[in-house]
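Next up, some structures in C-alpha cells.
The two complexes that follow have subunit A in common; it is paired with subunit B in the first and with subunit C in the second.
Then we have the complex of A and B:
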C-alpha cells in the first residue's frame, strides 16, 4: 500500500471537470477524432463559402452587366438628343424620339433598382435564387417588375444550394448526433461508467464535460474556418453593419449547436443503449429538420393559397387590353377637353395622342391590376405571418430564417426592397406621365434629373429583432432540455445489469 | 463500516434481495457466496448506489448511501469482476484518471507507478495501451485504483474470476495487507478456497436471502463446500 496518508474522503474536488475534459481530449486524440472532424468541417465550410461567393459574384456580375446596359442605352439617347438639337438627327418614329417622354419613360431610360449585397451575403443564398437582386423599373404598370422572379434551374431549387446555412442547418446536427449518440451509453456498455461512478463524482459533471468538449470540437474549428473563409473571400465583415451581422451569426450558430447537444443530452439520460439512442436522435432530426418544415409549408399553402402565377399574368393581360380599349375613348374625350394643349406640343399631334392614350391606359389598368395583385400580396403576407409563428415549431426553420436575415437574403429584406421599389416606381411614373400629359418634350437637363433609385437599408434593429426572437426560440427549448437532463441523470442506470 | 439493514430490492415481481442484514467491521473480510442470481452483485450495487433499494437502509461508515451517495463513495473503493478501462489509454493514464475522479486532484506519476508495481503490474507495462492488456493485468490496474483511494471500505465483485492461480494468490496477499490496515472488505465470489483462505466471515446467499453466515475459522473447507452446495443447489456434497 502507498505510504501516502491522503484518502478520498479528505481530498478537494477542484479539478474533476478539468480531468473529465482532459479524458475526452485524450480519447478523441487516440481515435484521431478531432482531426477527422476538423477535416470534415474545413471541407464543408470551404465548399459552402466557395458556393456562396460564386453565387454573390454571379449576381454582382449580372447587376454590373445590367447597369452597363442601362448606361449605354441612356448615353445613346443623350447622343440622339444632342444631335437632334443640332439638327443632325431626325427620328423616324415616335418610339425613336429622345424627346418623347412616353417611350423614354417606358423603355429608353428604364432604370435598374438594385438591392445591394450585405457583408454576409455569401453565408446564405436564402431567397436570392427566387428574388433577383435588381428589377427594371419603367413607367409601365407595376406587374412588369413585381412578378419578375428569377428564372432558376428547377433542379437547383428542388435540391437547394450547398451554402453555409444549408450545412449549418441540415448537416451540422448530424455531425453532433454522430459525436454524441453514445455519450454515456458507450461507457456503460464498456463498463467504464461503473468504474467512474464508484467514485464521488456526479454523473451530471461527466455528462457536462463530454458535452462541453464535443461542443468545443465542433464550434471552434467551425468559427475559425468561417471567419477565415469570409476574410479570404473578401466579405466586408468589418464594414457597415458587418460586425453586428457576424456577431449575430456566431450567437445563432452557438445556440443551434447548443440546442442539438441538449437534444442528445435529453436522449442520453433516458438510459437506453447506443443503437437505440442513435435511432432516436436520427428520428428527431428527420422530424425537426425535414418533416415539420414540409408539413408547415403545406399547411400554410393550403390555408392561404396564392393565386396561380400564370393565371394572374393572363388576368393582368386581359385587364391591360380592356384598359387600352377604354383609354381610346378616354383619350378622345381628354383631347376635346384640353384642346389648347396641342399648341405647345413637343412631338407631333399624332404621337401626342398616342402617348396620352398609352398613359391613360396604364393609369386605368393600374387600379384593377392593384386589386388583382393585392390578392396575391395579401396571401403572401398571410403566409409570411403564419410562418413567422410556425417556425418556432422547428429549430431548423427558425435557424434558416435567421441565417437568411443575417445574410440579407431573407423574405423581410426583399419585402422592404419591394416597398421601396414601388415607391420609386410611382415617382418615376409621375415624372414622365406629367410630361406626357402636358406634352412637354424632354431636354438634356431633364435627362440629368431623372429619378434615381437608392436602396435605404433598414436600421440595425431589422437584424437584431429577428435575431433575438430566433435566439429565444433556440435557447428556451435548449434550457428546458438541459434542465430535464440534469433532473433525470441521477437515475441513469450505471450497469446493464441494473 | 459497511452495513445493510432490512435491505430489499425488487425488480417488478422479482425479489432480488430480501431483508438483508449485514455488517462488515474494520479489518474484516466478509465473503458473500452464492449461485448466479442469488443477490450478491445486487448487494454490491446497492452499496455503490448504482441501484436504489426498494426498502431498508444501506450505509458506509455511518453515512446513508441513498441520502448522501457522494459522501458515502468517498469511503469506498470498488473492483468489479472485470475491471473495464479505456483501451486507448495506457495503464498509468487510466490509473491517473480514476484516481483523480476519486481524490479530486492528480497524484504524481511516480507515486502512481509505484502503486501499479505494488499491485503486481510490471513497470514496463504501465505506459502501454490497455487494449493490449490481459484480464489479469486489467485487474491489477483496478487494484491499484482501489489502493490509490486509500479508503476504509472495499467492495469486490468476484475479483479473481478468470485470474490465473498466481495472480489470484497475489491478490489474496494484497487483501491480507488491507485487512491488516483495518479496511472493511465485502467480497462476492464463487471461489470457496479464496473465501476460506482470506475471509474472516462467510455468508451464503440463496434467492436474495442471506441463508447462513460463519466465521471462517469455525468451519473446515470441506464443511464449507458441503453447506454451500446444499444451500445453493439443494445437494449434498460428495
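Then we have the complex of A and C:
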C-alpha cells in the first residue's frame, strides 16, 4: 500500500483485506453509519445497565431490610429473655415466652435464607423478578414459606424489563440485520460490484472484509460501553468469579454477533435483492426469536405439564388435617394462640403437651408434603432438562439462558438455592424440634447458636459448563453458515439479471 | 398494475374519474397481494399459529377451569367436614378461593401467568394471592405465550408492514405511480383502494379464526358470565384490534408514501414495529415502576404490622382492649365480664377484626392504587406506541387484567369477612363467659354458603378502560391524518 507502483496482484492477501476494510470505513463515514450505530448502542446499553443497576439495588435493599427485620426481631427476643432472667418480665402466654423453643423456632427467630447477587447481576434480570432473593425459613412445614412471592403488579411481570440481556438477545440481531441486509446486493444494485470484481480480489474476501468491519462497528463500542457501564455502576467484576463471568459474557456476545453475521452472509450469497434479503432476515429473526421459543414453550408444557397448584393446596390441607388429627394438635394450636398462661414463664405441662402434638403433627405431615411438592419440582426439572436440548434450535433461547446463567438469575441457580434452603430447613427443624420434644428452655447462649443459612455458590464449573455448551451451540451453526457462504459466493451474480 | 390502468383509461379520458375507481383499485391490489409469495409464507405461518393458539388456549382454559371448579368444591367439603370445634378455630381453618378462568382468557391470557389464582381466606388476615403459574414454568416462557393476542398484537402488524411497505414507494420505483396519476386517479382514491384491499385480505385471514373462536365459546360451559356478556366482550375486544390493525395499515401506507425508497420505508416501519412490540412495553414499564414504585412484600407487611399494633389482637393488656372492655361493660350496665349476657371474648374478636378490616382496606387500597397508576402510565404510552394502549383494553375485555383480578380479590375478602362475622356472631350468642369449652358443628359450617364469584359485566369493565380505547383512537386518527397528508403530497418521482 505504501508504494503506488505495486500492483494489486502483487499485494499480499492481508493488505487487500485491509484495503477493503478501509473502503468500507469510508463508505460508512459518508453515511455517518458508525456514529448512528454507536449512538444507538450507547443509548441502549446505558438504559439497560441503568435499569439493571436499579433492579440490583432494589434487590439488595430488600435483602438488607430483611436482615434488619430479622436482627430487630431477635434483639427483641433476647431483650425479653434477659429481662425474664432478671425477673422483670413475665410472658402472658407461651407464644410470648422467649424460652419456648416451639414459637421461637416457628415465628420469633424465623430466619431469612438469602441468595446473594453475582458480580454480573445487573446484566440480566432474568427470573429474579419471579423468584425473591430470600426465603423466610421457620420450623413450620415447607409449603408455608418455600413458594412465597414478592409483591408485584403482574402487568409489570408480563411486560418484562429492558435489561442488557434483552437488548442483546432481541435487538442486537436487528441492528446487525439493518447494517448488513444489503451487504453485496446494494453494490450490485448500484452497479459498483462489477467494478469491484474487476479487481483481482475474490468476492469471498470482499464479503469477509465487509462482515469484519461491520462486526467491529457493532462489537467494539458495545464491549467498551458495557465494560465502562459495569465499572461505573459498581458491578464488582473483579471480585470472586467476576472475571470468569465477564469473560464468558464477552465470548457469548461475540459468538452471538458472529452467528447473526453468518446468517446475513448466508442470506447475502443467495444473490437476491436488498429488499428480499431484508425480508428474509427479518423472517429468520421472527422464527428464531419469537416463534420457536413460544412454540417450544407450549411443547414443553404439553410434554411435562405441571399439575395445578389448586390440587396441591387441597391435598396438602388433607395431609395436614390428617396428621393434626393424629397428633391431635388442632386444639393444641388453638389453645396456644388463645389461652393465656399466667403460671409464670416456664413451659407448662399443658403447653408442653400442645407443643409436642404440634411438632409431631408437622413431622408426620412432612414426608407427604415433600412427596406432594416433589411432583411439581420434578415436572419443572423435566421441562428444564428438555429445554437444555431444545435451546439448541434457537440461538436466542440459548443466548438468553446463558446470559441468565452468567448474571446468576437463571432457573438452575434458583433451583439450586431452593435445594439448599430445603436442607437448611431440615437442620432448623431438627434444632428446634429436639428442644421442643425435650421441653428444654432456650438460653441466651442458644440464641447465639441458632443455625444460620450460608449460601454455597456453585463451583466455577456451574457457569463454565452451560457457557461452553452455549458457545458450541452458537459457533457450530455460525461455522456451517459461513462455510456455506464461502462455497456459494462463487456463484454470486455480480450484475443485476436483466 | 397495467390492469388498473387499462381498466381506468377508457373512463379516465375525461375528468372527473369514474365512481368505481376505488373498488377497481382495491380489486387489483387484492389480486396482486394474493399472488404475493410473501403472503403465502407469512400468512400461512400466521394462520397456523392462530389455529394452534386457539385450540391449545381453549383446551388449557377448559382444563384449568375444571381443575379450579373441583378445587372449589373440595375446599368447601373440607370446610364442612372439619368436625366439631370452636367457631373461631373454624375461622382459622378457613377456606381457599380459586379464581375461575374467564371464558375469554383463551384469546388473551393477559396477566394470568403472572398472578396467583389462589388465596387462603383465614382468620385475622387478608392474604396475598399465591402460586404464579410462570414460576412453575421455565425461562422459555418469558419469550411470550402463544396466544391469539400474541398473534394479533405482535405478528399481524408485522404482516401488514411486510405487505404494505412498498405500496406507494414500489409504484413510484416502477413508474406506475406517474401513469396512475396521469389518468386522473386521485391519491386519496389510491389510498382508499389500497386500504380496502388490505382490509379485505386481513379479513380473509382473521375472520375464520374469529368464527372458530366464537364456536369454541359456544362450547364453553360457563355459568359465571352470560352468553350475551361474553359476546359483547368479544365484540368490543375485536373492535380494539380493528382500530389497532387499521391504524397500522394507515401508518404503513403513510410511510410508504413519504419515504423516498421502499428500502427506507421498510426500515422505518420495521423500526416502529420493533419499538411498538418490544421496546416500548418494557421501557414504559420501567418508567412506570420508577414513577409509582411497588412496595416490597417486606415493607408492605411491616406497614400492616405497624398499623395493626394499634389493634389489640389477643393482647388483653393493650390499652385499646381495656378501653373496649370498659365501653362494653358500660353499654350493658355491668361491672364484671361474667355478668355480660353475651360472650365477651367473641365480641372482642369481632371488634378486633372490624378494626383490622379498615387497616386492610387502606393498605390494599393503596397498593392497588399504585398498580392502577402504573397501568395508567403504561396506557398513556399508547399515544406513540399503540400496543401499550391496546393491551389493557384487550385484557380487560378478556377478563384477564389487574382490575378484574382485584375484583376477585375483593370478592374473596368479602366472603372471608362473612365467615368471620358468622363465626364470631355464633360465639357472641352461644358461648358462655366462663372458661368452659364451646364447640359448634356442621350446622354452623353449612350456614356459610359456598363462595360463588360473579365477574363484572362488560358494562362494568368498559368505563374503566375507555381511556385506553380513546388513546388507541387518537393514535389511529393520527395515523389516518398522516396517511392523508402523505398521499396528498405524493410525488410521482
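Couple of notes before you dig in:
The rule we apply is simple: the second predicted complex is superposed on the first by the 459 of 498 C-alpha atoms of A that agree within 3 Å, B and C clash if a C-alpha of one lies under 4 Å from a C-alpha of the other, contacts with A are read in each partner's own complex, and residues count from 1 in each chain.
Assume a residue touches a chain if its C-beta (ideal position, glycine included) is under 8 Å from a C-beta of that chain, and two chains touch if they have at least 3 such contacts.
Being a predicted model, the structure only gives us computed values, none of them experimental.
Contacts of A:290 after superposition: subunit C is touched, whereas subunit B is not reached. In the superposition on chain A, contact of A:282 is made with subunit C only, not with subunit B.
In the overlay built on the shared chain, the residue A:198 is in contact with subunit B alone; subunit C does not reach it. Residue contacts after overlaying the shared chain place A:54 against subunit C, while subunit B stays out of touching range.
Using the contact criterion defined above for the overlaid structures, shared-chain residue A:274 touches subunit C, although it does not reach subunit B.
Of the two partner chains placed around the shared chain by superposition, subunit C is the only one that A:380 touches, whereas subunit B remains out of contact. In the superposed model, A:26 lies in contact with subunit B only, and not with subunit C.
In the superposed model, A:494 lies in contact with subunit B only, and not with subunit C.
A simple residue count on subunit A separates subunit B from subunit C, and the partner touching more is C. Once both structures are placed on chain A, no subunit A residue is touched by subunit B and, in the other complex, by subunit C.
Only residues 1-2, 4-9, 11-16, 19-20, 22-23, 26-27, 30-31, 190-192, 194-202, 493-495, 497-498 of subunit A touch subunit B when the two sit together in their complex. Residues 38, 41-42, 45, 49, 52, 56, 64, 67-68, 71, 74-75, 78, 82, 85-86, 88-89, 92, 96, 98, 110-111, 113-118, 128, 130-146, 150, 154-155, 158, 162, 166, 262-263, 266-267, 270, 274, 278-279, 281-286, 288-290, 294-300, 302, 314-317, 367, 370-371, 374-375, 378, 401-402, 405 of subunit C are the ones touching subunit A in the complex. On the subunit B side of its complex with subunit A, the touching residues are 41, 45, 48, 50-51, 70-71, 73-78, 80, 82-86, 88-89, 93, 97-98, 100-107, 111, 114-115, 118, 142, 145, 147-152, 155, 177-178, 181. Note for the complex: subunit A touches subunit C at residues 47, 51, 54, 58, 62, 65-66, 69, 92-93, 126-127, 130-132, 147-162, 166, 170-171, 174, 178, 182, 274-275, 278-279, 282-283, 286, 289-291, 293-298, 300-302, 306, 308-311, 313-314, 317-318, 321, 330-331, 334, 337-338, 340, 376, 379-380, 383-384, 387, 390-391, 396-397, 400-401, 404, 410-411.
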